[in-house]
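Following: one structure in structure tokens, then a few remarks.
By letter and in written order, the chains are A, B, C and D; residue numbering begins at 1 in each of them.
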Amino acid sequence: MKASLSKVFYFLKETLRGIGRHKSLSAATLISTVASLLIFGVILLVTANVQRAADQLEKRKGIVAFIEEGVSGERLEYLKSRIEEIPEVESVTFVSKEDALEEFRRSLGTEEFLEALGTNPLPASFDVALKEGRRAAEVLEKVSSVIGGLKGVEEVSYGGTWAARLDRLLRTLAVFNVMVGVIVGLAVAFIVANTVRLTVLARRESIEIMKVVGARAGFIKVPFVLEGMLHTLISAVVALILLYVAHEAVSFRLPDIIFLPPLFVTLFVTWGLISGVVGTQLSLKEVLRKRGS
Amino acid sequence: MVRFFHVTKIFTDNRVALNDVNFQMQDGELLFVVGPSGAGKSTLLKMVYMEERPTSGQVIVGGFLSTTISPDKIPLLRRRVGVVFQDFRLMQDRTAFENVALPLRISGRFLGTEIKERVMNALSKVGLCHRRNALPRELSGGEQQRVGIARAIVNNPIVLLADEPTGNLDFGVGREIIQVICNINAAGTAVIVATHDERIPMELGCRVARIREGRLTEFGGGFAAR
Amino acid sequence: MKASLSKVFYFLKETLRGIGRHKSLSAATLISTVASLLIFGVILLVTANVQRAADQLEKRKGIVAFIEEGVSGERLEYLKSRIEEIPEVESVTFVSKEDALEEFRRSLGTEEFLEALGTNPLPASFDVALKEGRRAAEVLEKVSSVIGGLKGVEEVSYGGTWAARLDRLLRTLAVFNVMVGVIVGLAVAFIVANTVRLTVLARRESIEIMKVVGARAGFIKVPFVLEGMLHTLISAVVALILLYVAHEAVSFRLPDIIFLPPLFVTLFVTWGLISGVVGTQLSLKEVLRKRGS
Amino acid sequence: MVRFFHVTKIFTDNRVALNDVNFQMQDGELLFVVGPSGAGKSTLLKMVYMEERPTSGQVIVGGFLSTTISPDKIPLLRRRVGVVFQDFRLMQDRTAFENVALPLRISGRFLGTEIKERVMNALSKVGLCHRRNALPRELSGGEQQRVGIARAIVNNPIVLLADEPTGNLDFGVGREIIQVICNINAAGTAVIVATHDERIPMELGCRVARIREGRLTEFGGGFAAR
């Protein structure tokens, strides 16, 4: 019991010694893993933000149906219920002539132009929001034409070709993002694993001596695996800090960029750890298998 | 204890390092393997701790058979065999103390205080207590060799193998080391010493295995050293 | 002369030997550098495509001025020249009612709807293209209002809020892209340099022996530098090939993604080479400086 | 040729490896440095090829002064000094042939055919032509030592330093190696051999520097070996 506690103690000491004695190797490993995890973090950051931007743009996508002058309240009720019946429609909000004017004023900041007119030329409208997943340009066009066909609706606006272009852009971005994410994730795993592997290879002499003096593979491995994990953990934390600093620097200019959500942070750290441990395992296997038993 | 049964070792490009070697050692025996450079002395020792396996024939050490031993049993064997390597094989990034402590750490059966006591005991036997905190590259050749010897004896092995243990030592220190080895043998450990210096076994008058180009040309002589 | 030729020969042989003898090290180095260069390549690829997409979207940004029914040819000429006088305007193209119908037909693929109408309801229009660098949403709005104020122009369309949103998105993307590019570029340089460094450190024993036998630093360095360059060159080529394969795979789904333009390929390879050589130099300096002279 | 002038070497933690050592050697002289393990023999040799520099005092080798030599001149010095290292220092990833060829490659003054000729000549002097394609780890301890000796003599050095050159060799081969060294000395090369085996200089009857705990306790004796 006491002896096994002293073993645990020994492993921990070994781990720290490994890092301390081989400062140059450790520094090299740290720099490489921090750098690659930083890349991965940046990609995740971009992914998180692109996703969010896409979500927001999608939400804003909607249809505005302008209503003819002088349509009665009853007819309005009827129109509203008709629009609400369309399966793709999530909700319908009525914007009266006065509301429209108010909004126009707010957005313009000046009233002169309209006051010169003397009368309110803005039509009343329905703001039509579509259900999630039903906001592709084709759907918008289809629903618009249905609404446009209703009597009492003067004109329908939904962004038209712009919506289609945005769709295309977002789709492209998403595909790109997934592609980049997968490639970078794999590449980072390779880099982290290989960097750890190089550190192990650089110390193969010691490993062979331990083996020949009677150490089991497990005994030799533990400090290396712990060291690998500590390395990647430190790297992950450093990379996260750097990422945060970079984010702060950029968000000064682009205030609505979000930082990594917790899920991504977890993914990030786990990915680094797995890569590090796999790298340690593979290289140890390689070194341990060499020369005789 | 140790038994070689028609052991032949052929390395790549058909180099025959051992050629049909047969001999047997009892518990607690002391054996000197002598022979010129390249005769096969180190190869013979490597067979005992199973760094090399016979191309044909069989080596039996304690209860372990070279033909049937599974890879995960080899560490167990090695923990009971102390080896002084011809090229020392010290870990360059550990102090003398830590190098000597290694077998104790590996066995995992000792506490820190016990380890300290045993290591200091072994180091004092080879006269190196004062250099315990030096790294191998800060030690002279003879000092490194003595650290290797301390490491080999620290765990009270049942077999001690010493490959040229006095090659880097002057006559005085070399004699002391031989005395240390004899003492260990006297305490019941079987010992095989490979050396090119025939004076030592002659002086001690103990068993000699003479080897030449891989063949055992002489085995026996001497009286049981005890 | 002959002796120095034999030296060159020796260096080349040494380089290949270095790679051949240390297969495991070489493989590790290659994997790491290929992976990091691949990341860099992907980022460059994304940059190239985002830039291109932005350019194209920018180019498409323009103003359509619909003309009132029955405006005379003379008046059209006048309107055209007035619009062309606006400093931001690059060119003005007249689209007649017939052209408009033709285009509409082509884009719709059906004529039934219009034939049912019996008459051509589509107005003639001017397609107004803006000068490069003058296509921000504010400019569009300003120019539109100027054109809209001209007599004979019925309505002006320019994408409105959609253009503004697209602007924002592209700006964000560009900032992101530069940020990611810089971080990844630096990180990749670090990784490549450090990987080479680890390989050198793993062979420090040999280097120290050469030194003690009387080799000059230069003599020791040459094969390592050559090896480092060869490594990174091979890595760059492999990364480019992988990138090309990935591009082909994706362009199956998104046909208008371009591959790296030559400038970027050059940048890519040069960057890898510089990182590799710097890594070799730094690590050799470190190893050569150790222990005495 | 080689001159030590009040040379003191103190390592970290105040270990005095050499203590006010003074001596002088002529061109073509043969000197044995003897002393027990840890006396400072290797440190003395390291001073000559300037792997270590004196803490105080000065070493003069050929025209090079340890106090003034610039780092980029050290390779030049080392090319004219052949060293047999106590721990061999062979490149583990090169064959015996390539290890011996290394000094010739480094000097850059030889063609491939010349290199081959010289290397084979040196290897044959130590009796290892047949093992030229073996890697160090495929060689026995004594064979590695002989490869180290071949490397030290291949470039016709003006000074040959040999640290324990027969430590891993049996009496027969060791005597041959000493003969090789004597031949080289006879051809005009100054030679310093560090050894713990006092029989060799006694037999040869040549100059001895006796060193003990860093101090030169005896210098002289013997007749000029020639």
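Quick note on the criterion: a contact is a pair of C-beta atoms (placed from the backbone, for glycine too) under 8 Å apart; a residue touches a chain by one contact, two chains touch by 3 or more.
Small disclaimer: the values here were computed from a predicted structure and weren't measured.
Asker: Steps needed, at minimum, to get from subunit A to subunit D via touching chains?
Answerer: 2
Asker: Where the contacts of subunit C and subunit D overlap, which chains show up?
Answerer: Neighbours common to subunit C and subunit D are absent.
Asker: Among the chains, which has its CA centre at the largest distance from subunit B's?
Answerer: Computed centres place C farthest from subunit B.
Asker: Distance-wise, how many Å sit between the C-alpha centres of subunit B and subunit D, to the nearest whole number?
Answerer: Chain centroid spacing, subunit B to subunit D, equals 29 Å.
Asker: Roughly how many whole angstrom separate the Cα centroids of subunit A and subunit B?
Answerer: Centre separation, subunit A to subunit B: 61 Å.
Asker: Counting in whole Å, what is the centre-to-centre distance of subunit A and subunit C, each centre being its mean C-alpha position?
Answerer: Using C-alpha averages as centres, the distance is 21 Å.
Asker: Taking the mean of the C-alpha atoms as each chain's centre, how many Å separate subunit B from subunit C?
Answerer: Each chain reduced to its C-alpha mean, subunit B and subunit C end up 65 Å apart.
Asker: Drawing the touching chains as a network, do you get a line, a ring, a star, a complete graph or other?
Answerer: ring
Asker: On the basis of the stated criterion, which chains touch which? Give every pair.
Answerer: So, checking each combination of chains, I get A-B, A-C, B-D, C-D as the touching pairs.
Asker: Spell out the part of subunit C that touches subunit A in their complex, as residue ranges.
Answerer: 24-25, 28-29, 31-32, 35-36, 38-39, 42-43, 46, 49, 53, 57, 60, 159, 162-163, 165-166, 169, 172, 175-176, 179-180, 183-184, 186-188, 190-191, 194-195, 197-199, 201-202, 246, 250, 253-254, 257, 286
Asker: What part of subunit B is in contact with subunit D in the complex they form?
Answerer: 11-13, 35-38, 41-43, 86-88, 133, 138-143, 146, 163-164, 167-174, 196-198
Asker: Hey, which residues of subunit A end up touching subunit B in the complex?
Answerer: By the definition above, subunit A touches subunit B via 2-4, 6-7, 9-10, 21-22, 203, 205-206, 209-216, 219, 291-293.
Asker: Please give the residue numbers of subunit D that touch subunit C in the complex, ascending.
Answerer: 49-53, 71-72, 74-79, 81, 83, 85, 89-93, 102-103, 105-112, 151
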